[in-house]
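These notes open a run of structures that come right after.
Two complexes follow with chain A in common, the first pairing it with chain B and the second with chain C.
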Partner chain A sequence: MTTKDAMIEFRDVHKYYGDYHALRGITATIRPGEFFSLLGPSGCGKTTLLRTIAGFEDISSGAVLVDGRDMAGVPANKRPTNMVFQSYAIFPHLSVEENVGFGLRRDPRSKDEKARAVAEALEMVGLKGYGKRAAHALSGGQRQRVALARALILKPKVLLLDEPLSALDKKMREQMQVELIRLQRQVGITFILVTHDQEEALVMSDRIAVMFEGEIAQLADPETLYRRPNSRKVADFIGTMNFLPARVLEENAGAVEIEAAGFGRIHVDASQVMGGATAEGATVGFRPETLTILYEGSAATDRESMATIEEVVYFGDMTYYDVKIDGTETPVRISMRNVFGRPVLDRGARARVGWSPGALVLFR
Partner chain B sequence: MKSPGFRAYTIGYLIFLYAPIVLLPLFAFNDSRVIAFPLQGFTTNWFKEMWADVNLWNAVRNSMIISISVAVISTTLGLFAARASTRFKFPAKTGIMGLIMLPLVLPEMIVAMSMLVVLLSLGIDLSIFTIILGHVLICTPFAVAILTSAFQSLDKSLEEAAYDLGETPLSTFWLIILPLVMPGIISSLLICFTISLDEFIIAYFLGGNETVLSVYIYGQFRFPAKVPAIMALGTILVLLSITLLAIAEYFRRRGIAKAGGKDSGGFL
Partner chain C sequence: MASSSGKSAEGRSEAASGLLLVSPTLIYAVLLLAAPLVTVLIYSLSLEGGGFGFDNYVTAWSDRINQLLIIRSLTVSLSVTLVTVLLAYPVAYFVSFYVKPERKSLWLFLITIPFWTSYLIRVFLWKVILGFNGVINSGLMSIGIIDEPLQAINYNVPALVMTLAHAYAPFAILPIFVALEKIDRSFLEAGRDLGESQLMTFFRVTLPLSMPGVIAAVLIVFIPTVGDYVTPDLIGGGKLPMIANRIEGTLLKQNNRELGSAIAVGAMIVVAVVSIVFLLLNRRFLKGAK
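Right, the complex of A and B next:
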């Protein structure tokens, strides 16, 4: 990839804190105008990686390029990036408009022009008319918006968001997710989001880098990440995935014939075969919604197995069934959308489970 | 909490604490050189006498120079130490901070004696300057303690945000950090000022020929005729203390309101 297609480029980035190896050879490219997420559990290095772009962390080796320019030796206040902090970092002693206009202090424009820019930025984040308020009198969601306006007013090449929604309650969070997506499309700036919330990453991102222990485990678009996780670890981290042991029978140009208890013989296409198996050996993985409980008159599926329902968890719009497929030891989870007029099955009932070989992945 | 014993204890304790202070203005306006009941009538002569005392004014001037210098120097030193201890990691940090805080528990007598020995052996003349040295030593730990708590409540990302928005480390300190720790700085100035003004042992040991207020007042008690004027002076000092405390409390509350925090008790 040429630098023209890259807004951010990590070239074998390493970071040590004393003996601790926080970033272990990150190489990745983030495209201009992309909504990109760094996703991983706490301590995986995602925030550290974000802070290397902002200039708050030095790297031990490698290079970080922003818009084709090596950022080595460029201090944070000279970088074409701006950040929205986890705590929002709203200056409590300044008013809303002083906060938003803070970055314009060194701007040569006239006072009126700056005031207009501040008003525009506030309007963009839905805080029109809040300029004179004291910053400390704002709610969590409003602070978030002020932080966004303050960062975007400088028209950075890249906006960095460090877990910006983690302090909000669920409703507010979902609302802000939608607004952030809208805002990103409106301004067309590259957004890089750090989050530990896989759902948030799936909803908002064009592409996601899943990180574990200082390394990128998989970098892909949300759908690929969900449907074709490249390791058990990624599969486990993103959504729910069922795992059952499998035995490889024969291999032919990447495609594999396997035998899995309860499922019988399955032909697995090369695109479904992943690495990253654990010591247990080969495993098939499938998402809860790729299995269906078949009722009288349900549309036929590729394959069917018989199962016993062990547990029923009713969620209103959904029901989760933990079922034991005949011939297997561990129960697997099936999620079914509740449809009017279709009864929720009871514990202990027998059921036909329909599935399709194309929906599963093989880890070996 | 409603037992009569507890109530009696509380009242007794308050009387023990404040009755002597209430006596000050009482005798300051009493028309008699003898400090005893019954009161003899109202007069403001003692204030006039006090006002005319040249030696007293000299002591006040010395005390002001010393206390203001000590407040400013200790708070400045405290600012550096508190900033360093909350923001940076450096080798032997705990040990260094411990040594800075040590004078807090060191008997002043020891500080005064050892400084006297050192100053004399270095051939430095005792003066206001040497008192300032001693007072800075004992006030700096207070300044560090107050300012450390002010810096600790400061979110580190505020600094990073200002830096991220194009400010230099210096302008960030000026625009963000300083205004936010200002209530702490004012508290520190006032407390250091008060400690220095009160202090007796070091001022007595290291003062040489220069007399400060505390030493002067103590000296005046040798002459019974001068006591009523001292009562008048005491009355003024009490009023001054209350004013200072009120100012400190005002800034503390304003600081909390500015930062949007909840008030969790204070002096008043």
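Right, the complex of A and C next:
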């Protein structure tokens, strides 16, 4: 019963380390040609899951299928996957081209053809002419490129990336994100990225599986994940979200009428109602950019509340305001794009805050 | 200007305190290592009728016996080195890769147990095992496999090699173990990931990355065994002298300091040349190991 559009299939995968239950029933499908991310805090099992695909980790029960084939009993060197390690694992005793050509030993092609393949792979990752260099003379970013070339030259069905950008500085990381996306489109191979950086996952992925404590909490595309997180935990992990307590008044075929302090009565559509509330009970959540501070002549919004500005954080292109909406206790964060000619408000100022019921999510 | 002169003064005092720190060792090294070496060198170059020259060297190394003895010494020590390193590598590999981290120090401790007895006693032990009336011979005779003691296991080069290899095994295991410990395990996973079996990953990744340790082990075993002179005396029963026995005989028994020194310096040069070859090999491997 292999699905045609499944490159990787996890079927109820469990993994125990002694008593520790590292993977708790992972079931998911990764499509061919997809840029897929496993996102979660450290210790959530994302790297373990990636390593079960590569063959470095045995599973306790369940099945991992790659391109329709059960990988049980298939050793790492016989799997159609290649990995870019977190440490890059560039062999220090070999030159750059020897590293890139490492996996070609049993390739039947002639020496010249292999050398050409190595040169092409190096050019693809932007390291043309670096072949003769010693591996230890490379910078972090260059090592990463060598690791990519070394894996991609073998034309794997799946490329596994274990936190490949975490060791790079911010500028380099952003540049490599863009390059990885370009590379993935160019080669058309399924990429699976493990990361704890939610921004990175949002920027790069077609779909993301958010993992907590050995389970997938939500598997969705970046926009759904951001706009419609299915639990408060996911919402908290991805980006910033404001939470305010709410009281459910009545329920009608999935849609809910609620009352939230400072916002009044709100009608919440069924598509905005999520589970995954915490012990505190029902909570409304909204992203900082879904609230707007209204100036004279601003376009009207569905609803308005009055608020006092408690804190102003100026970022150049953006300003973050922490405001206390009248009738509430906890301040909420509002992010505003700075526009020429529009003043940044001061601490303590009164402001009109505009919002729309359609942008919020209810966790209950 | 002021700050730069201040810095250099600080540098000077730092150098002075550094010198003070090493001075006991330095005095020790000069008095007990450098001075005797220089003395031997001077002896080897002094001529009978006064003055200096290379005559002693010519006499020493045109002697067929000395040539044969240095060749035997090299054969024995290279064999010991080969046997020791080949046997030590699997032990080091096992401790590094298969022993749980919390048990590793216990294993290293166990490996050093042979050092609890003196080297002389260990050599005698091998005599008891391999000797004419030793454990092996009398054992085999008592169960009737052989009628008279085997000559093949005593007073010969293999017996010498066996004894020395046993004595030097821990010295070889430790540097190889350290080199294996330093290998990032993700290199081995990368080898597997890139399509190589466990065996090929060993030959293409683990072995080259552990070469610095292997070369260190080679030097640690090779250099002292060339000059060993207790073992050939005891195991060889006086019939298997090596170059060190010859040096002792010439210096002490014949009381010929000049000739003895010339043999000693010559032997040192041979050891130095072989060691430098190994060191150059080491450099090749160390180059990339960062």
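In the analysis below, the second predicted complex is superposed on the first by the 362 of 364 C-alpha atoms of A that agree within 3 Å, B and C clash if a C-alpha of one lies under 4 Å from a C-alpha of the other, contacts with A are read in each partner's own complex, and residues count from 1 in each chain.
Criterion: a contact is a pair of C-beta atoms (placed from the backbone, for glycine too) under 8 Å apart; a residue touches a chain by one contact, two chains touch by 3 or more.
The model shown is predicted, which means the values in this text are computed figures rather than measured ones.
Chain B and chain C, once both complexes are superposed via chain A, clash. By the document's definition of touching, both partners, chain B and chain C, reach A:Ala89.
In the superposed model, A:Val313 lies in contact with neither chain B nor chain C.
Using the contact criterion defined above for the overlaid structures, shared-chain residue A:Val344 touches neither chain B nor chain C, since it reaches no partner. Of the two partner chains placed around the shared chain by superposition, neither chain B nor chain C is touched by A:Leu249. By the touch criterion defined above, A:Ala63 lies against neither chain B nor chain C after alignment on the C-alpha atoms of chain A. Common to the chain B and chain C contact sets on chain A are residues 54, 56, 75-77, 81-83, 85-87, 89, 91-93, 102-103, 105-106, 134-136, 150-151, 154.
Chain B meets chain A in the complex at residues 155, 157-158, 160-168, 176, 179-180, 258-260.
Residue ranges on chain A touching chain C, taken from their complex, read 54-56, 75-78, 81-83, 85-87, 89, 91-94, 102-103, 105-106, 134-136, 150-151, 154. Partner chain B is touched in their complex by these residues of chain A: 54, 56, 75-77, 81-83, 85-87, 89, 91-93, 102-103, 105-106, 134-137, 150-151, 154. Residues of chain C that touch chain A in their complex: 184, 186-187, 189-197, 200, 204-205, 208-209, 285, 287-290.
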